[in-house]
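Two complexes are shown next, each including chain A; its partner changes from chain B in the first to chain C in the second.
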Partner chain A sequence: MTTTTPQAVLAPTRARTAADSPTARRRQGFQHGGWFVAPFLVLFALFVIWPLLRGVYLSLTDANISGDGAGFVGLDNYREALHDQLMWDALGHSAYFTLLVVPCITVLALLLALLAHHIERGKWLWRLCFFIPFLLPSTVAGNLWQWLFNPGTGMVNYLFGLDTPWLTGTSYAMLAVVITTLWWTVGFSFLLYLAALQNIPAHLYEAAELDGANVWHRMVHITLPMLRNITGLVIALQILASLQVFDQAVVMQDFGPGPEGSTRTFVQYTLEEGFTSYRVGYASAISIIFFVIIAAVALARMWLLRNREEDAR
Partner chain B sequence: MGRPGLNRRQLITGLGGAAVAGSFGFAALGSGADALASDAATRVRYWNLFSGGDGYNMIAMLDAFRREHPGTEVKDSTLQWGSPFYTKLAMAAAGNRAPDLGVMHLGRVTGFSPGRLLDPWDVGLLAKYGVREADFNPALWKRAVVDGKLYALPLDIHVQLCFYRKDVLRKAGLLGDDGRIVPVTSTEEWFDVLKEAKKATKKGLQTIGLWANDQNFQWWFFVAFYTQLGGTWFDAADSDVTFDTDKATQVLEFMRRHITDGYSDPGFAGAAGAEQFLNGSPFCWEGNWSVPVFDGAKTEYGATPLPPVFGKRATHAESHSFVLPHQSGRGGDANEAAHELAAYVVRHAQQWAAGGHIPAYTPTLSTAAYKKLEPQNEYVSAMDHQATEPKVWFAGSTGILAQRVGPIAASSMLGSARPEAAARRMRSTLAELLAMKNPMDGRTAAQAGAAA
Partner chain C sequence: MTADTAQAPVKSRTRKPWSPSQVVLTLIGVAVSAVFLAPLAWALFTSLKSETEAVEVPAHWLPEDWTGQAWKALFATGNITDWFVNSLVVSICVTVVVLLVSALAGYGFARTEFRGKAFLMGTVMAGLMVSPAVLGVPLFTTVQQMGMVDTYWGMILPQCAPAAMVYILYKFFQGIPKELEEAAFIDGAGRWRVFFTIIVPLSRPSLSAVGIFTFIASWNNFLWPYMVTNNPDLMTMPNGIATVMNSYGIQWAQLMAGGLMAGLPLIVVFVFFQRQIVSGVAHTGLAGQ
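What follows is the complex of A and B.
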């Protein structure tokens, strides 16, 4: 960044003391700030770092659910995972879900935010309508759409005069989960977009209008570029959340894996291996694999964004 | 999760959860205090997985026990059915926090590490409270014995049934003089029955609901018909697969034909099949636990075991049974009271039969009260021709076998795999499972062979 901070401007005017040396300032900074972040660090270590390390250890054993008799098996679990078709299928289902949800939710959230931003009458009602599904627990959202998609008595087929096996057809079951998720979670991204829209300075639009820019031009040259950062955030959050899809999928399929396992996601498969088949060691191994995949996606996204920021500089 | 990281709602949910958990803690303290304050000398902690109608019936039976045994306090807890229940039971037993009495599906007992997570029953104590081996169907009792010791006390068997609408079948001329469905002994006869029934069926309804896309039901039906054909799974030592792909293909083709001939609509799979039955669809293949549902709807119906289309009679059966989760210091009054309670419930299962289950305690079956129960008296013969999963560690209700092989049966049913290809996949999956080690004790089915 090339901007100058107020502190940097003021600093030379003060007399330098020993306390101002960088090391001392860092130490002092920790003394003050350290206590503020300590509770977080303790919880983070306890509930994230420790389980992660424990998971890595378990993944190298043949531990079962009862917790005793675990033997060290080295990389056997990882070797098995590489040839585990069910695991690859589950990964494919999670990836497919992510590929469908992320673009749809981004576009939908933007459109809804634009609508709610520009509409004059009953503004609060629109915002409430778009956001309120997000407040529902996943079980409620899942059950609700399970009824709506019911082939015999559901409203979806009835309203649109369809005969689609939403929950029972292999090619529709995941689509039903996607539609449910869009309705249920779009509110969060919608809210992010709405906040960002309200932060775009009005004078930009006024200036553009004076220059004769029409609605389309204003959208393409002002609104979308100004929303670029928030779009990046929405996409990143959605990718990470969608890869971990679980609850709505299992609720809609009565805790089963869907027709021919077509809605069995990676998280569900891990749960099945660990808690149904009691193979805690193997479940740990595949969850570590999943952790690496998600971390790689997150890092790749950061790297891409950093390059873009550097380009923009 | 399907949603971004921690947000306000999740935080509130989390706090709410903590509050609820906290209140459970206090509730537990409360009941502990109650137990101390009450006159009861002995306290039996009992975990079960019965909700809905079964839960209602179980509680009624427990209340009857409490009235007759004021010296024993029964602290029953109903937990979520299926895998979560088994997970909790295993962890409680491993951590030496196990309840005095528990319930399991009989098929899961072999894989539940008898001797380490389960304690054997004291057959002498059971006899003292009126329950003996002679009172049970021999095949059922044998399934509960591992390594020569009794690890499960069967309460019932529950079976897959062919429910039929008497009003529709009467119209189709398919009801005999006794008011029951005409007998069926071959696949051709069965499809003739469906053909006639279809003619009498209201428009918009399928002829038969059979959970076409459900891996559990498809697996259960497969087990039934494969057993009717005399099919076997593994050799006596559990070291070789004896699964017969020709017989399996025959079964899968038979099942698939319900869809290709237009008798079952895969779109109406799942619970929609039962809804259609209540709306006038002539047939529905369902578990016997649907009896209270259909009774409640005042439908004129009957229920037989699955039709013996391959000649021999056999219908899929599982069994709820009582188990003693492992306690390091098992014994004493609580253990004896657990034996007494289990024996009492098993002997007084008339109430349980109302939920559609067939009581395992055979003297109940010959009582006048049981013989009067309809349609229970029509399918009670299922006790004598149970088709069950093989007795190996990976079998049993919602176990690994069902999880791995069930989807293959379902894919053949829905037409995405050809029956013969599905049969071959079933065979190779069975071979994989046979080679797999039981995570609980690190032994394969063959290595555990002596124990079974």
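What follows is the complex of A and C.
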């Protein structure tokens, strides 16, 4: 920047005075800020907001798959949903899956991360081993474990000398999906924990060591408290992902609902209603119910977090 | 143990000798890794068996007859190369678009002012709860209305509005010291120039983490392509593999070969980029700082 010409000297001053007036600043700000977020907002409006609004509208109609000739039926779909045992069952299966997966994955990911963090040699190898399953498509993970759980030809029963009907027993089918999910997805949370462990400042441990804290003390008084934020994030992400479980469950049951419908999850039920029974209106209504449940869970988490932050103050 | 002390000092990069606790931890690590890798080894060995041997009872690990017939059959009967190319096109497009729009939006929300910003940011946060899984049917009818069913556009664009990535980058951009930008503003640089010459280079680790996770998610996305296309020529790897199962009956050896093919590209990417991935996650604020 050469500052020899008078214009160049004046320019910044002029810019500053113009920017000082609030309206000018806002206008200029809109020009820039608005354009930065605009491309995303267009996509977001088309593929998130509009489908959501459309879903609300469709849920009040008896639309079929083409969406044509839909008659307005008011709240009939919602009334029907309240008495739909299959919907409540599907919701129950998704909730049961979530209750089993979330605590297991959180603890498992933490243990794996601590292990990989504390072994001094071959760090890349442990990262690779624990993360590899997450790199497989869900259909592949599902097929692989369907194969492993196969009663006659599969490895699970053979290795452990069991005779368990993993895929065909009503009380085992969902358990098989849970085990598959743990193996397949724990790597992601493991990586989050590993990154968080690396972010803990080393001087905390050095100071504790000088004070004579042993391994256990350091774990309880430094590591675990420093991981509290990431644990909250892992749990939140896992709850949202687990409630939306679909892929593994259908793949392991050859796109069916499982023995006596025991692995039919909420997402699967909406898609069945929408694409198999062609009841788009009804499918939209239960999708909206599902959206409200997810939103309630997310808001409850935010509310709990806010309370905790206020307690901390 | 003695090997360490015998090593030339140049070669040993500040290596500590094996302590008893390290020996124990490493052994645990080996055992846990074996559990994690066993299913993959099982898939690999199955893919090298003949179809009849694959379903023999009782199951056994190693093929008695090593054969590549499942791999050959996979390429001969399926559209596997098409699916591979489709996956590549879809995932690369999604990754490029997501990186571009979410970096711009994250920066816009973090550092610029405009009317309605708070409201729009709140809407985007609410969008975190909407996914094809939650509102699949209305999303499908929307895409249908736009005439994008069974097209690349229909597969790509709905994956390109991830509120989560905007939020992650928004958090990261907020953490960049304002002074870095202000110096450039005083020198006369505009917003766009500051963004591309200062912010983007500073954000490389975060952007690569976001890009890699977007790529993984898109490559492995099953539900959306499953809904939006029935055309075997347009399917992506995960969907194609799922149809191998349906249309030919269960051919386990072939299925395992296909599964390994679908997983391989990402495994290769991860092997090369894992250091960047972990440091990227640590930088993004994904790690909850």
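We adopt the following convention: the second predicted complex is superposed on the first by the 284 of 313 C-alpha atoms of A that agree within 3 Å, B and C clash if a C-alpha of one lies under 4 Å from a C-alpha of the other, contacts with A are read in each partner's own complex, and residues count from 1 in each chain.
The working rule: a residue touches a chain if its C-beta (ideal position, glycine included) is under 8 Å from a C-beta of that chain, and two chains touch if they have at least 3 such contacts.
Predicted model only: the values in this text are computed from it and were never measured.
A count of residues in chain A touched by chain B and by chain C gives the higher number to C. By the touch criterion stated above, A:260 is placed in contact with chain B alone, chain C being left untouched. When the two complexes are overlaid on their common chain A, residue A:138 makes contact with chain B and with chain C alike. Of the two partner chains placed by the overlay, neither chain B nor chain C lies in contact with A:225. After overlaying the two complexes on the shared chain, residue contacts for A:71 are found with chain B alone; chain C is out of touch. By the touch criterion defined above, A:244 reaches both chain B and chain C. In the superposed model, A:43 makes contact with chain C only, not with chain B. When the two complexes are overlaid on their common chain A, residue A:103 makes contact with neither chain B nor chain C. By the touch criterion defined above, A:201 reaches neither chain B nor chain C. Contacts of A:153 after superposition: both chain B and chain C are touched.
Touching of chain A by both chain B and chain C, each in its own complex, is seen for residues 65-67, 134-135, 137-138, 152-153, 240, 244, 246-247, 254-255, 275, 280. Chain contact summary for the complex, chain A toward chain B: residues 62, 64-69, 71, 101, 134-135, 137-138, 150-153, 163-165, 167-170, 181, 184-185, 188, 237-238, 240-242, 244-248, 254-257, 259-261, 272, 275-282.
On the chain C side of its complex with chain A, the touching residues are 16, 22, 25-26, 28-29, 32-33, 36-40, 42-43, 46, 54-59, 61, 97, 100-102, 104-105, 107-109, 112-115, 117, 120, 123-124, 126-131, 133-146, 157-158, 160-161, 163, 166, 186-188, 190-192, 195, 216, 219-220, 222-223, 227, 237-239, 241-242, 245-246, 252, 255-256, 258-260, 262-263, 266-267, 270-271, 274-275, 277-279, 281-282, 286-289. On the chain A side of its complex with chain C, the touching residues are 1, 11-12, 25-26, 29-30, 32-37, 39-41, 43-44, 46-52, 54-55, 58, 63, 65-67, 112, 115-116, 118-122, 124-140, 143-145, 147-148, 152-155, 158, 183, 191-192, 194-196, 198-199, 229-230, 232-233, 240, 244, 246-247, 251, 254-255, 267, 270-271, 273-275, 280, 283-284, 287, 290-291, 294-295, 298.
Those residues of chain B that touch chain A in the shared complex are 1-5, 7, 9, 13, 82-84, 86-87, 90-91, 93-95, 113, 116-117, 212-216, 266-270, 272, 275-276, 398-400, 403, 407, 410-411, 414, 416, 437, 439-442.
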